[in-house]
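Here it is, the structure in full.
Going in written order, the chains are labelled A, B and C, and every chain counts its residues from 1.
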Amino acid sequence: MNAIECKSVCKRYGDFAIDGLDLNLPEGCVLGLVGENGAGKSTLMRMMMGACRADAGEIAVLGKRMTAGSEGCAIKEDIGVVLDESCLPKEMTAAQTGRMMEGIYKNWDGAKFAQLVKAFGLPDKTKLGQYSRGMKMKLAIACALSHNARLLMLDEATSGLDPIVRDEILDILNDFTREETHSVLISSHIVSDLEKICDYIAFMHKGRITLFEEKDALAEKYGVAAVSDARFGAMDKTGVLYAMRAHGAVRLLVLRDLYAGEAQGAGIEDIMLLMTKGEKCA
Amino acid sequence: MKGLFRQSAAGLGKTILVYAVAVALFSAMNAGSSVLYFWMAYALMVPVSLMSQDEMAGFDRLCMMMSVKPVAYVLHKFLLAWAMMGVALIGAAVMGAVDDRAPMMLAVSLITSAFALTLMMHTGFHKSRWVYLAAVILQVVVMSAVDSVMTELGLTSPAAMNAAMLAVAVIVSAAAVPMAARLFERRMTA
Amino acid sequence: MHVIISNASGAPIYEQIVSQIKAAILKGELAEGEMLPSIRALAKDLRISVITTKRAYDELEREGLIVTMAGKGCFVAARNPELIREGVLREIESHMTKIAELAAQAGIGADDLKNMFDLLELGGQNERD
C-alpha cells in the first residue's frame, strides 16, 4: 500500500503551476522531497496535508481520499504535521499545549507527550514565546508523535537548526519508522539531512517531479564527471544527462551504465545542482 | 473545539486586562446607559485580538492541517464574542447601566459583530484591521443614535420591538457562522 | 553480529552488508539456524535505507546463505559442506583457466607456475606464523 498517492495533481498560482504531478510514498518508507526554494514543495505538501485545494487530480493519504477543509478531517487524525515554523501559540507552555492538543485529537496520548517533552529536555513552565527555534521544533514534533499518527509530514522542519538538534530530530524520525506501518514525508533543502534518513528521494523543480529514485541507488545509477571544454565538444555524449560549464571545465551528470568515461557516484546535491542549473543533453 | 477554548483561555490574559482597563476608563468618564455602549463595543475585541494572535503565530494555518474543522474554528471565535457580550451585560448591570433599552443595544452589537467577524474571517485580521475599528465605531454611533432618538421622542423601548430586534439579531448571527466558515475555509485552502 | 557501513569505501552499501554477513557466516560467527535481525531493525540500527537492506538479504538468500521464513524472520541457512566445497572448487577452476591462458600467452611453463605458487604458499605461511 502507499501511504501517499498523488495522481495528476494540478495547482496554479499566477505564474507558478504544478501540472499533472504523480508521486507515491510507499508505506513504511521515508521519502525526502528536495528542491530549490519556490519549486513547489510546500504547496504540494499542503495539498497532501489537506490544507490546500488541488485544482485537479486525486490525492489519497493512508488509503483515503484527501480533500481540503472539513472532509479531510478524519484522515488528519492519523497524520502528524510539523511545519517550518512551529505555529503553536506563543502564550502557552508545553503543558498547556498538550492540554490543547488533547482537545483537538481524539487519540491524544498525554502520557506519551509528557514523556517526549521530558526526553527532549523541554521546560514545562516556560511560554513558547521564550523557546529557541530548536525547542519549538522539538515541541511540534512531540505533538506530531503523540496522537498515534501513522504518517508524519515535515515541511522544512530542520531548516535553521544547528547540526546537533537536526541530528536528534533525524534520530527521532528514524525510530518512528521502526514500525512497519509508519511512513514519513520530509521536505528540506538541507540535502545532507535527507541523505541520512530517506529511503526514497523525489526531486522537485518548477512544480514537477524531475526525479524519483531509491536513495542508495542514486550513487550507483548517476555519476558526475568533469571534462575540459574542448573535450566536451568532441566527445561521445551517450549517457550524459546534464552538462554545466564552470571555471573552464564542464561538469556532467551521467548515467553510469551508459557513460563511457570515468565517473564518480553522484550525491543528491550534485544531482540537484546539475539538474537545476545544467543544460539538458539527452 | 475544546482544544481551541483551552488555547483561547491561555491567550486571553493580556487581552482581558486591556478590555477591563478600557471599559473601566470609559465607565468612569461617562454615566448612565452610555456605559453599556463601551462594554458592548469592546466585547468584539476579545475574539478579534485572538484571531490576530493566531495569524501571527500561524496557528490558523496549523489548524487546517490538524483535525480542526474550519467551522469549529470560526464558531469558537463567534462563541467568544457572544460570551463577551454576556459579560458586558452583566458588568453593565452591576454598574447599574442596564435599562429597558439594553436588549436593543445587544441586538445592534450582535449584528455588527456578525458582519465584522464574517468579513474578517474572509480576509484575515491583518488585511482588515479597519473592519474591527469601523465595527466598534459603528456600534457606538448606532447605539447612541438610537438611544438619543428614543429619549427625544420620549419612547421607552416597547417589549415587542425589543423582541423583534433581538430575533433579527439572532437570525443574522446564526446565519453568519456557516457563511464565515465557508469564507474562512476558502481563504485558508486557496 | 556487527555490520559496519563505511561511506568512504566506494562499495555500494548493500554489497558491504552482503560481504560482512557472508564473512560472519563462513567464519562461524553466525551459527547455523541463528536468527538475523529483521530487515527493518537492521536498517534502522545502521540508519540506512530499508530497501537497501532488503536488497542485501535478497542477495544472501539467493546465494543460499540465509533462509527467510514468512512471518518468523531470516535465519542462517543450514550449510552443506560438500556444496560449499564444490562452489569453491568451481571458482578455483575458473581462475586457473585464466592463469593457463595468460601463461600460454607469455610462454611461461608449468614449472614456473608451480614455483610461483610455492612462493605464495611460503609467504602465506610466514604471515600466519
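Some notes on this structure:
Just so it is clear, a contact is a pair of C-beta atoms (placed from the backbone, for glycine too) under 8 Å apart; a residue touches a chain by one contact, two chains touch by 3 or more.
Since the structure is predicted, the reported quantities are computational estimates derived from the model, not experimental observations.
Touch-path distance (fewest steps) from chain B to chain C is 2. Across A-C and A-B, it is A-B that has more C-beta pairs touching. Per-chain Cα centroids separate chain B from chain C by 77 Å.
The distance from the centre of chain A to the centre of chain C, with each centre set as the mean of the Cα atoms, comes to 37 Å. Averaging C-alpha coordinates per chain places the centre of chain A 42 Å away from that of chain B.
Contact residues on chain A toward chain C in their complex (touch as defined above): 28-29, 174-175, 177-178, 180, 196-200, 214-216, 219-220, 265. Listed in rising order, the residues of chain B touching chain A in the complex are 1-7, 10-11, 13-14, 53-54, 57-59, 61-62, 64-71, 185, 188-190. If you check the complex, the residues on chain A that touch chain B are 46, 49-53, 68-70, 73-74, 76-77, 79, 81, 83, 85, 87-92, 96, 99-106. By the touch rule above, chain C contacts chain A in their complex via residues 10, 12-14, 40-41, 44, 47-52.
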